[in-house]
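Letters A, B, C, D and E mark the chains in the order given here, with residues in each chain numbered from 1 onward.
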């Protein structure tokens, strides 16, 4: 269950890809109940940032602190608190939708009963397609199965990379509702998207990655740092 | 150059996938200068329809007529008239962006000089990233290279499957402008997307695939057929 | 229950659940296992076609040929260990799982061995028969393959983990893994030879066993770090 | 210029442009070609380890072993023919090209042969040397591989085209392609044997040539229809 | 309109026909088998060289014949289906493959059972044996390919291409294998095959071959019925769009 006292701190994060410095000096405090949108043009480094927070890659500088602990040091506890959904959907062609969803939960150490899983998939409009192998699903249907974890999990910190990609209007709405429910309950959600979506939430933050592109500027210009919390 | 007199006719098309009938009785006339949005929920069959029109799969029933000729019979001429861009970007990790773009044009029998190609990529904001292998590009940057063909080609009939996926706001605008320029010149563009975008055009049609799901209904209910041209 | 204990027991439950998922996938892809077997037989059958049909010579090279073919088959089935998981994003999720990654790797190797190693071990004596090996040698061959294939899977796991997402990954894996597996080949083929020439194969097989235990202990950790590196 | 003629000349220019693109890719992935060679050498070197180091026997089996290894190496490099094009959507574009698909397939096979067949043919005599083949036999070996590898590429193209996007594709290709390539193996290895035993290899090689011509004529069309089917 | 409705209708018509006739072929097969077995086991004399073991010939040889014959028939149907897009032919090819593979396996198995007493080895790399083995691989390849493809239409077409390529290749393979073996020094074990077959044995073999043939027809018809039935579910509602499209 998301608790109301969690805090995610990003401390002077920098990201280097190949020979390029994508961003640096990215600092930010994200208290529980926040909805954080990471913005930036294509290639600004949104995906890189989310992967870094999840611990899939290491920051070139800086540290990520969760519940007052550096996530690199308390990695196994941190992993039990996060839900990361990337560009790739982690859907196996050979499995049925429900099997896929259950497998994805299993991998994360979450066990759900078949009825629970079915109920979520029904709600997401996959009711008719529950008996076909996922191979034959459309782009959006695969995304829905991947995203269904969002309805099941109890983890407080969500990292969603372009979750709305390929979803139709109705699914987008459902997902928005679920996200706002999550942050309403005291969870945290970091997400990226290029689509205009509106998610209801009391505490909306933005991390405008474009602003952190020039390391010198980001450090010296206080307005940029202020602009961080809109 | 797109001419003002082309006509695409879809004649009672039906699409069968596996054991399911996705849609049937889909008829529609698309004169030159039309901007056609194919709508439908996830899994309605939008991708299937575009692939069918391009000739990548065969219709279960019905025919596709272009310039008064069945496209299956005059396939090689038809292929010289269409531009199909699907979910996949056809980007080779090992090639530079410009090489990728040129290769994709080459495949389609269109030759462009290096400066032309570079100019387009610059315009799309890829200027800084022209010297890195495409492997290290972000999701949106890859899409841009794939879509750059839209700025180069002279083909009258465009089939774009979710072209706006992963693009940032600025690129979406650029693409919209280019599409409206194309249809303004007398071209035709069929596209799908779940995002709200507005593209300026005098003749906007919609193919609401959801309406063709029940074969009986689609045929008998005239309101659906009328709804076809909004 | 203290949190540590609770964690441990749930870790075990998770391991079981993960194994079940992998076995379900193996079952759904059962034609793959058959394909490995057929590939194995085809490669073995290619040799007489290449080197000639003289039975005495064939009896001499039989053990070696079957072992080389087993090695190649096991290697060709390696992409299934992680590649599809990598391509569809499951691997990211595995790395982000609270479960120790080395354990996850071990489980995947176990599933892989059940799906390919055991069938290969069952098939090997049949193919040995075609080369006129005698029944002692056939037993040793089968046992050797049974003990050798987990090593191939484990070392293969390290190799595939290192080459994930690299171009030409498939061949690169072969390059990394084949040389490392030479001891297995020498011991396995040696055991068959020894059995055939009437010397006991015991020494070879116990060395193979020792190798297996060493690999079991070390490889999962190596593969786990390799996976982390590949995803970075 | 009449439209027909214009079309033809542009079709030729397109073919050249396509070949250049494929060769550029080969160049960028040149480590792949090296990998094929190393795989080839490793497989060949496994044999003495597996079957023992008796020189007379090695001389007897040398030609066959090198040929089998060449066959396996060529086969393992097949995924590069279409798989990456299939995965990233290039194949759709190729099928939608106004260019005849069979020609496109032919060009891709040509590029594949330049990247793998020629290196294999250059490497084969070196490996043959290790088995003590004499110089006549080495020449015949090299020439045979040079003539055989295009057949492998072409038949391989049909096989890969048929299995695109299927599970276990890699092994399935082996299953489909290896039996069809047995004549190449027999003729190639037979030529080496004939050369070594002092009989001329001419008959074998001319049969191989005939096979090559037949394959050149038929396979691109079969592969082209297979591609269309796979994309449907 | 463009739709070729008989394409869908033909299998549907064929279905009841197949259902009616296939039991009869089982009956024929059983009768012929009884006659063949009787000749084989009771009428034919014991061979002075090989003893009773030779009687395996009454299964081995007909099985070997059928294995080759069925491949030709399968390739014929598959290519017919591919070239003329006739669905029933593709279904026939699909139905033949397992039976062909079964007979190939039977020939291999009985052959090697026989080989043990005859040659002292279960297997030798003789040209005939080897090409039978390759034939087995070809069958397996065809079946594996079709099994790997979920979409039946795509499976049919892919099988068609493969069978066509295979059919052109089979004679090449056959001769090259033959040539391979005769070029090398003769294998040290000489295959002494019954030189002048007693006519009574020939009769027995012919009867058994006929029986296998009838059995194949019966099995293939009933299997093709299953294939049709499976696809009928699809065809059933495909009829729905018929009135609109014609």
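One rule holds for everything that comes next: a residue touches a chain if its C-beta (ideal position, glycine included) is under 8 Å from a C-beta of that chain, and two chains touch if they have at least 3 such contacts.
What you see is a predicted model; the values in this text were computed from it and never measured.
Asker: Hopping along touching chains only, can you work out the least number of steps from chain D to chain E?
Answerer: When the steps are counted carefully, the minimum from chain D to chain E is 1.
Asker: Listed by label, which chains are in contact with chain C and with chain D?
Answerer: Common neighbours, chain C/chain D: E.
Asker: Across all chain pairs, which one has the most C-beta contacts?
Answerer: Here the largest contact count links C-D.
Asker: Among the chains, which has its CA centre at the largest distance from chain E's?
Answerer: So the chain farthest away from chain E turns out to be A.
Asker: Give me the superposition rotation angle from chain A to chain B, based on Cα atoms, as a multiple of 5 degrees.
Answerer: Between chain A and chain B, the superposition angle is 180 degrees.
Asker: What's the distance between the Cα centroids of chain A and chain B, rounded to whole Å?
Answerer: Inter-chain centre distance comes to 31 Å.
Asker: Approximately how many whole Å separate the CA-defined centres of chain A and chain E?
Answerer: Comparing mean C-alpha positions, chain E is 57 Å from chain A.
Asker: Chain A to chain C: how many Å between their CA centres?
Answerer: Computed value for the inter-centroid distance: 37 Å.
Asker: What whole-Å value do you get for the distance between chain B and chain E if each is reduced to the mean of its CA atoms?
Answerer: 47
Asker: Tell me, which residues of chain D touch at least two other chains?
Answerer: Each of 29, 167-168, 172, 175, 178-179, 182, 186, 193, 232 in chain D touches at least two other chains.
Asker: Where in chain A do residues touch two or more of the other chains?
Answerer: Expected reply: 87, 94, 133, 136.
Asker: Where in chain E do residues touch two or more other chains at once?
Answerer: Expected reply: 134, 137, 140-141, 144, 148, 150-151, 177, 180, 184.
Asker: Touching chain E in the complex: which residues of chain A?
Answerer: Its residues touching chain E are 133, 135-136.
Asker: Chain D touches which residues of chain E in the complex?
Answerer: Touching chain D from chain E are residues 82, 134, 137-138, 140-141, 144-145, 148-149, 151, 153-154, 157-158, 161-162, 164-166, 168-169, 172-173, 176-177, 179-180, 183-184.
Asker: If we count contacts the way the header does, which residues on chain C are in touch with chain E in the complex?
Answerer: Spelled out, the residues of chain C in touch with chain E are 31, 34-35, 38, 41-42, 45, 48-49, 52-56, 58, 129-130, 132.
Asker: Note which residues of chain D are touching chain B in the complex, please.
Answerer: By the definition above, chain D touches chain B via 10-11, 13-14, 17-18, 21, 24-25, 28-29, 84, 87-90, 92-99, 231-232.
Asker: Please give the residue numbers of chain D that touch chain E in the complex, ascending.
Answerer: Counting only chain D, the residues touching chain E are 155, 158, 162-163, 166-168, 172, 175-176, 178-180, 182-183, 186-187, 190, 193-194, 211, 218-219, 222, 225-226, 229-230, 232.
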